[in-house]
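Below you'll find a set of structures to go through.
Both of the next two complexes hold chain A, though its partner changes from chain B to chain C.
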Partner chain A sequence: MGRYFRRKLLIYGVTFVIAVTINFAIPRMMPGDPIARMLAQNKVSNVESAARMHAYYNDLFGLDVPLWQQYLNYWGALFQGDLGVSLFAFPSPVSSVVLDALPYTLGLLLPAILLSWFVGNGLGAIAARSKWLDNTALPVSYLLTAVPYMWLAILLAWVGGVILGWFPVAGGYSFSFSGPQFSWNFIVDALHHWFLPFLSLFLVALGGWAIGMRNLVIYELESDYSNYMQTLGAPRRLVRRYAFRNAMLPQISGLALQLGVVVGGALVTEVVFAYPGLGSLVLDAIQNQDFFLLQGILLFIVIGVLVFNFLADVVYVLVDPRTRLGLEGGAS
Partner chain B sequence: MRHPRTAVAIAAAAVMALAACTDDGGGGEDPDDLSIDQFPRDETLYTTGAAWGPPADWNPVSGGEVTGLRGLGYEPLYLFNPNTQEMEPWLAESGEWTGDLTYQATLRDGITWSDGEQLTAEDVKYTVELGQLDGVPYSNVWDWLESVEVVDDLTVEFTFLEARHQEWDNFLFNTTIVPEHVFSEYSEDDIVTGANEDPVVSGPYTVHSHDQDRIAWVKRDDWWATEALGLEVQPTYIVDIVNTSNEVTLNMLMQGEVDLSNNFLPGISDLLEGDPNLSTYFSEPPYMAPANTAMLIPNTTMEPLDDAEFRRAMAFAISPGEIVDSVYSGIVAEANPTGLLPIWENYYDQEAISESGFQFEPSEAVSVLEEAGYEDSDGDGFVETLSGDPVELTLNVPAGWTDWEEAARAIASDLRDVGINVTEEFLDAGAVDEARDSGEFELVLNNQSGITNSPWGHYRYLFQLPVQDVQTGANFARFESQEAWDLTQQLAATATDDPEYAEIIADLQRISLEEMPSIPIWYNGAWAQASNAVWTNWPTQEGDNNAYPVTWNGFWTMGSIYMLTELEPAG
Partner chain C sequence: MSLEVNDLRVHYRTLKGDVRALDGVSFDVADGEIVGLAGESGCGKTTLGKSLIRLDGRMRHVGGTVALDGEELPIGDDRAMNKRRFKDVSIIPQYSMSAMNPTRRIGRMIADLLGSRGIAYRDLKRELVQRLELVGLPEKVLDNYPIELSGGMKQRMVMVISTLLDPSLLIADEVTSALDVSNQKAVAETLVRFRDMGFVKSMIVVTHDLSLVYQIADTIMVMYAGRIVEKASAETIVKAPQHPYTKALISALPEVGLEYGDRKLKSIPGKPPQLLNPPTGCRFRARCPLAGDECAEQPPLVGIDRGHEAACWKLEESNARA
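Coming up: the complex of A and B.
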């Protein structure tokens, strides 16, 4: 088991280094001069000052040294937890911009992914055994997964926010609040803003999980071991429980992958519902050529994917005795 | 058998709990600022359209700034009123040129900073002298300013190396005075690039709170102008919302959640017609006040764009009317051939316009090309350069700027109609900027010449010399005319009431029409659509209440602050 995890950790370590390097390289390969962009945005009207400011800021952001040195500086700063200063939200540090947005993203995506996973798997497992449910829930699920997410989200925002007017069309909480606070009013308001974006993500993910689970359970129910148990006269309940457990395994690794990209945010959701979070931040960072912010967010995503994948590995070992036995046997 | 499920359940519960905890985080304000948790709707003005990112910079000395920082918070010595073309004393009670190279400004008595300290001549001297630090946006003033002296508590004297009257006026209304007692505590780096959170201000509002998608300002009780000028800002709170998508902005406006949107909303003209609930600056097309001139910038260092006659032919070939009608549905106006904004129409030189002006006339474009010797000798339908090489030009605009993309399509097709082979190409905005600044382009659209105190601003934008490797903010066409640049500098140094002032502007118009360094096409608007649901009496072009209803940076100090004193609750 120890060897297994050592090997996994090594792989994750190498992946991390490569990811950070790519992370460093990609924004610098984008066209355009971020400093000029930032100065233009701030409407520096004094033409004569612009050149002086350009030099000053180039120096400030360390963009005036050779690329290899920028790369070393980048690693150095990284280990000190310094992700640099954001250009587009200048002079805020990248870490504070990202951390401000993170709660919204996690608050939206974690419940959406986890709930859709639980409900979807439950629904799929039942559908596999019930003709009636199979004939109703399954087509609906197919519809939900097949619908382009963008379209569904816009439809929800339009119907719920504009036509019916039941839900707000923008913001993480009402613009009449001076800031997040502990009061019933605020919590209700925040949930009110949270509901539509959550629902859109929940619905789309739900269908996929349900279909997957249904197919897996049917497959397991028809596999040799199920048939064998049935011929032995095992109760149907017991057979179904075994089938369900076996069908869960691929779903768990699927969940881990989903959770891994959570920190990437839901770009489309956040744009359509004007909901704050990392997704819209990624878009802003790209549009404003904010190298540092983009790197910071990508780093969070990389770490997120690696951590959740590692967790999935651990959980897998716990839930699947075959993996455990395989490890002890020396093979992985 | 039992363990796996328990483990998953525990993990899930932990994650949920974590999510629940972090959900309440975000945004940290001062406890004493939270005396009000929720802004009463009838006392709050909601605006959007000015901010593109989270509020992060409260430092007027550095380039970046939050919505309203200059105007609501910090204030300049003078305001510039684009409607009257006059400088209006603001923090200064008066100011005048006391000699050829000296200017004296007298401050109003009794102006206090929001921390109770007096605003004095020392603050003015300190603010201007900050320009001696590299990296301060107004450092160029020290190219022609020699010294600042404090005469007494309320009087400052400026001594110049060169008396650049227009540039000085520009400085007076664009530079906001900062408190010395606060900024002198900062390190040099913090002065130039610090965030200056919790700003100590002199203006009608002070920062109440902020989060990543908004900033809230709250009215100050002891604003000097209430006593000195009888001005009272009406909204107790102003909440500016960071820009979202057009659809969301439009929804918020229609639902009355936003009172004033300074966004470009495509198709808004359909909604404006006959909707009493929405107000605009003009009651009929183009609805929006002209804010800047959108120009076609040719790279004048390459063949055939280096030929004034070729550029002239292009000017005749382009139909601004089509762009106004079909791209903008009538919410912008065609530009005057001089490119000068309508606020300067008194200076239009009609003689020069009738002699060397242009209008949409494809046949004229064709004959100008012929006369200049451009012909289509290989029969592909497009002209060649004088030396016989094929002309293939690319017009670049930023991808995603849908109105500009459409305009570029229209322009390219107009030019192809007269035999000039132009193709539109949409690039990442950053790539367009880089190409434009470094001179590695053929044709681009640009609108960086906008409302300011003098046509001098426009001519600096057109003619600035010397041309550098990287051009920032001016002369993107890389057009070299020493005569035009000398005149522009002369204009900077001429007072508005000097009879020579209009003459120089006329000379510059003639040069710009004859040489056509860039081709003015349409006036982009000061986009503003206001809802009458909660606040009424929005400024319009008619009457005295005619400040621009615009929250963009730089507009507050060009009179938009008056909008706040004129607003009335809808009752």
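Coming up: the complex of A and C.
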């Protein structure tokens, strides 16, 4: 098993290096000079002072050295946790801007992913054996999974926020708070703001899990080992327990695959609800052509997806003996 | 009498109508008897085997009765049947290679199965290990997952599991089809040994391999299109078959010691009839070289000799030609 994890870690390491490299390359390959644009925006008309400011900023952002050295510097800075300085929130460092937004995104994503996975799998497993539920839950699930994230988000904001007026439609907390703080009032308020974006992510993901689980459980219940158990008079409960357990395996690897999609969905949803997470930050960064911030956010997203995928790999190996054996090069 | 089957009718429900896979099957199996059940694919062998233990969702018990050790088997009632499965009737399924849960250690799976019947795994562990030794499996396979076993080992493992509660009747459904010849022989011998040691009282061995069943069965029943056409001792079926279909089946087998050279083995022309709308009268009529006018009526299964029955109007003519 050690060999397997070493190989996996190597693969993730290579992926990480490539992702960081692309992340480094994209802004630099884009046409235009961000410093010149910044100066132009600030209407620096004096040629001499413009040239001096250009040189100053080039030096500040490390753009005055050859590309290969910028690349090495980039890696060096990365290991020191230095992602550069944000242009948009100048002079805050990118890392602190991203870290401020990160809890909001994680707070949305983790509960949405995990709850939708648990509830969806449970719902699907029950639907697999109840005709009534199958006929109601399944069409609803198809509808939910086909809905685009932002559309459902807009719909929820309109119904829950505008028509019913139960929930706020924008922000991570009320404007009456000057910033995040640790008090019951703030927590209740933050949860109040959190609910709609969470619900929209949860609902879209839920449908997919329920459909997948229903089909998997039906497949497992039709399989030879289920048949054999039933032929030997095993009670329904035992047969279903086995089927459920085995049907969970593809769902675990499915979870890893879904992560990328859910992260994307979270970005869009945050924009709709003006939720102060990474998604809104991406929008701000793009609108302000803040390449360093964009780089930093993308880096965090890449790390997140890699870490979650790795976790899913580990869990999968722990629950399915077949992968364990296959990886050790044991009996086929 | 261990098993008495009387006019059993089991149909498959399809969108086009009922497929009559078992159309009035009657036979007995004595205590300690191994009955071979032979015939082409689609003649109802497996359906008969399954009917005696568990009807699947599409199968419907239309008529007839089954009694085991003098007590009726409620084959149409899934719930009532559950108490009898494993303990009284058991099966070694066609799909032994995939019969065990791939994600459970074999010992755990057996413990779960026994636990659901209110039997403690601990109490049977010794017996289980002894039986494993008997079929040449070490005790440690109980700690293995099914994928760690070879095909032959899985087959033997399933044989041990299925017979663990000493059922009165064991159905062995095509148990050798997926195995190589040496494993086939070992499995066949194991079945006989299980009977001899009293693990199972009597046995129905479903197979399309007449030469294999000949070696282990006391009696052979030949089925055709959902009915039994001939039943006799294994010796008689192979050496002196009476029904034209049995004769055709036997003559399609190569014989040891004979030089065939360019001669082709005789095959039976045509295919078994569709059982959705089965032909009236004798169902082998369309392929039978002896078919005549009287065959438009269904021939009854009549006794020819002690323990030898066949369903054909032309038995005498058939013998004259042989």
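General observations
The rule is short, and it goes like this: the second predicted complex is superposed on the first by the 301 of 332 C-alpha atoms of A that agree within 3 Å, B and C clash if a C-alpha of one lies under 4 Å from a C-alpha of the other, contacts with A are read in each partner's own complex, and residues count from 1 in each chain.
We adopt the following convention: contacts are C-beta pairs under 8 Å (C-beta built on N, C-alpha and C of every residue); 3 or more make two chains touch, one makes a residue touch a chain.
None of these values were measured; they are calculated from a predicted model.
In the superposed pair of complexes, A:N215 makes contact with neither chain B nor chain C. When the two structures are aligned on the shared chain, A:N227 is found in touch with chain C, with no touch to chain B.
In the superposition on chain A, A:T15 makes contact with neither chain B nor chain C. Put chain B and chain C next to each other and count what each touches on chain A; the higher total goes to B. Touch criterion met: A:P235 reaches chain C, while chain B stays clear of it.
In the superposed model, A:R322 lies in contact with chain C only, and not with chain B.
In the superposition on chain A, A:R52 makes contact with chain B only, not with chain C. Residue contacts after overlaying the shared chain place A:F182 against chain B, while chain C stays out of touching range.
Judged by the touch definition given at the top, the superposed model places A:N288 against chain B, while chain C stays out of reach.
Overlaid on A, the two complexes show chain B and chain C touching the same residues of chain A, namely 319.
In the complex of the two chains, the chain A residues touching chain B come out as 30-34, 36-57, 60, 86, 88-92, 97, 100-104, 106-107, 110-111, 114, 118, 161-162, 165, 168-172, 174-183, 185-186, 190, 252, 271-274, 276, 284, 287-289, 311, 315, 318-319. Residues 223-225, 227-235, 237-238, 242, 245-246, 249, 319-322, 325, 330-332 of chain A touch chain C in their complex.
Chain C contributes residues 53-54, 56, 81-87, 90-91, 93, 95, 98-105, 112-113, 116-117, 145, 147-148, 158, 161-162 to its touches with chain A in the complex.
Interface of chain B with chain A (complex): residues 3-4, 7-8, 11-12, 15-16, 18-19, 22-27, 29, 33-34, 36-39, 41, 44, 46, 52-54, 56-57, 59, 62-65, 134-141, 143, 170, 174, 192-195, 208-209, 211-214, 216, 239, 241, 244-245, 248, 251-252, 255, 257, 427-431, 433-434, 437, 452, 457, 460-461, 464, 468, 470, 472-474, 553-554.
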